[in-house]
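Below is one structure, written out as structure tokens; the observations come after it.
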Amino acid sequence: MNQFFVYHRTIHFSDTDAAGVVYFANGLSMCHEAYEASIAASGIALQSFFRGTAIAVPITHASIDFYKPMFCGDCIAISLAPSLRSPAEFQIAYDLYFDREDPERTAIARALTTHVCIDSSTRKRCNLSDQLLKWINKV
Amino acid sequence: MNQFFVYHRTIHFSDTDAAGVVYFANGLSMCHEAYEASIAASGIALQSFFRGTAIAVPITHASIDFYKPMFCGDCIAISLAPSLRSPAEFQIAYDLYFDREDPERTAIARALTTHVCIDSSTRKRCNLSDQLLKWINKV
Amino acid sequence: MNQFFVYHRTIHFSDTDAAGVVYFANGLSMCHEAYEASIAASGIALQSFFRGTAIAVPITHASIDFYKPMFCGDCIAISLAPSLRSPAEFQIAYDLYFDREDPERTAIARALTTHVCIDSSTRKRCNLSDQLLKWINKV
Amino acid sequence: MNQFFVYHRTIHFSDTDAAGVVYFANGLSMCHEAYEASIAASGIALQSFFRGTAIAVPITHASIDFYKPMFCGDCIAISLAPSLRSPAEFQIAYDLYFDREDPERTAIARALTTHVCIDSSTRKRCNLSDQLLKWINKV
């Protein structure tokens, strides 16, 4: 059974918009940061992985639901749980909550991303690398 | 029956990431730009509307599906169609396609955002303004 | 003598921050958009130019001064004037002003970027392409 | 004499562009994050400080010089040193370097921001708060 990887993050001024809270699309960027941190923690080299020279793993679907506004300076935590969907595809579920003494772990937002492994030149689906499979099983 | 509002957009360098294509979360930002352009075209003043001084209309859900990669310099079009979901809530559906002589209008991506009208101080739901209702019915 | 290229732009919600105005670094992104539009107008293909496969033209210096705040929905114009500094280097000066019936063309901001042509693999300076020289002389 | 505040940061995928390195304007955003972390460490509440309800401290000038490219996954450090320029104005100098066992602390970039204290309603200059003066003298 998968354990969760948790990423800690302070809300930056650049994350916010004129309504005073986090701009909605930046909520997904923060989830992607959590994914990057988890990938790096598993030993995968981020630079070549995300540069996608031979194989790329683009996002084909993303969704996010917001329950609470996030303000500049808020400390949040993002837990993520990847799961295999097919030999070429995986999904990551994210839970965002306030990173403080909050026994109830109030949910701020919940997100989902789907990632498909492709050959960079043909852009056709191919199987996930062993490194990624190991990461999915370990996180 | 609603007609569609269409927004035209060139992909900027700042929209892209090291994989060479549009960063996924920026796809949603472009949809929001289309929403802003549509709102402005209906005569609503963007500055006060998005500042949310008395009433705010935050996004509670967003999702996007990608079918084709977008590269710096690509000219795209985004058509949007809002619909009322309840007295306090509306949804916008977005279609992204290449903005060129393409009789097939190849879909690049499809997105959805849900917006809820709230009182800025109490953050409780309230009814959409007449201006917004007019915009939803006209677009 | 160089004529100016002028780029027109509406301030998006995503450009703003919780202080209600354009986030400072986004002022430079808008200038870069003006540069991209000018480059594209001269016939240079943006995708390969900015992908930098053989030759890249990274920014080595950028500066910006702000005189007026910019709000969501504001329509602005950015005029740009490039100039050659050495066989491998050029600079672009940008003027931002409100895009409306304003005989005084009130300056909102003024910016500067320096670009150096390098070989992508060695990252050593090399001469600007004929295409870029033509663009600098024409704009 | 001022001591330096140091902020640690991993380069995110969203910081990069299609040239494979950090998008130039994002270099300044990272410096602003360092400023926010330093302000928060001094005990100033970020949310109200950056919301600028009574008094705001907008950036009137920013500049950055790049010496090395930054790639996704790179761990960097940003040291910052603020200095008072007038009763209403301060400047921050930033040094960016690789955050690793590098006895030479290779400079990646160097930046500067100027901040002016204004009354939010009149947008006229006013004196820096005691909190900010304390922060400038302590960092």
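Here are some notes:
Note that the chains take the letters A, B, C and D in the order they are written out, and that residue 1 is the start of every chain.
Keep in mind that, in the parts below, a residue touches a chain if its C-beta (ideal position, glycine included) is under 8 Å from a C-beta of that chain, and two chains touch if they have at least 3 such contacts.
Please read these numbers as outputs of a predicted model, since none were measured by experiment.
With respect to subunit A, maximal separation of chain centres occurs for C (centres as means of Cα atoms).
In terms of C-beta pairs in contact, A-B outnumbers the other of B-C and A-B. Taking the mean of the C-alpha atoms as each chain's centre, subunit A and subunit B sit 23 Å apart. For the pair subunit A and subunit C, the distance between C-alpha centroids works out to 32 Å. Rounded to whole angstrom units, the spacing between the C-alpha centres of subunit B and subunit C is 26. Among the residues of subunit B, those in touch with two or more other chains are 13-14, 16-18, 20-21, 23, 25, 29, 32, 47, 50-51, 71-72.
Residues of subunit D that touch subunit C in their complex: 17-21, 23-26, 28-29, 32, 47, 50-52, 56, 58-66, 69, 113, 123. Residue ranges of subunit D in contact with subunit A, taken from their complex: 10, 12-14, 16, 20, 29, 32-33, 36-37, 40, 45-47, 50-51, 71-74. By the touch rule above, subunit D contacts subunit B in their complex via residues 13-14, 16-18, 20-21, 23, 25, 71-72.
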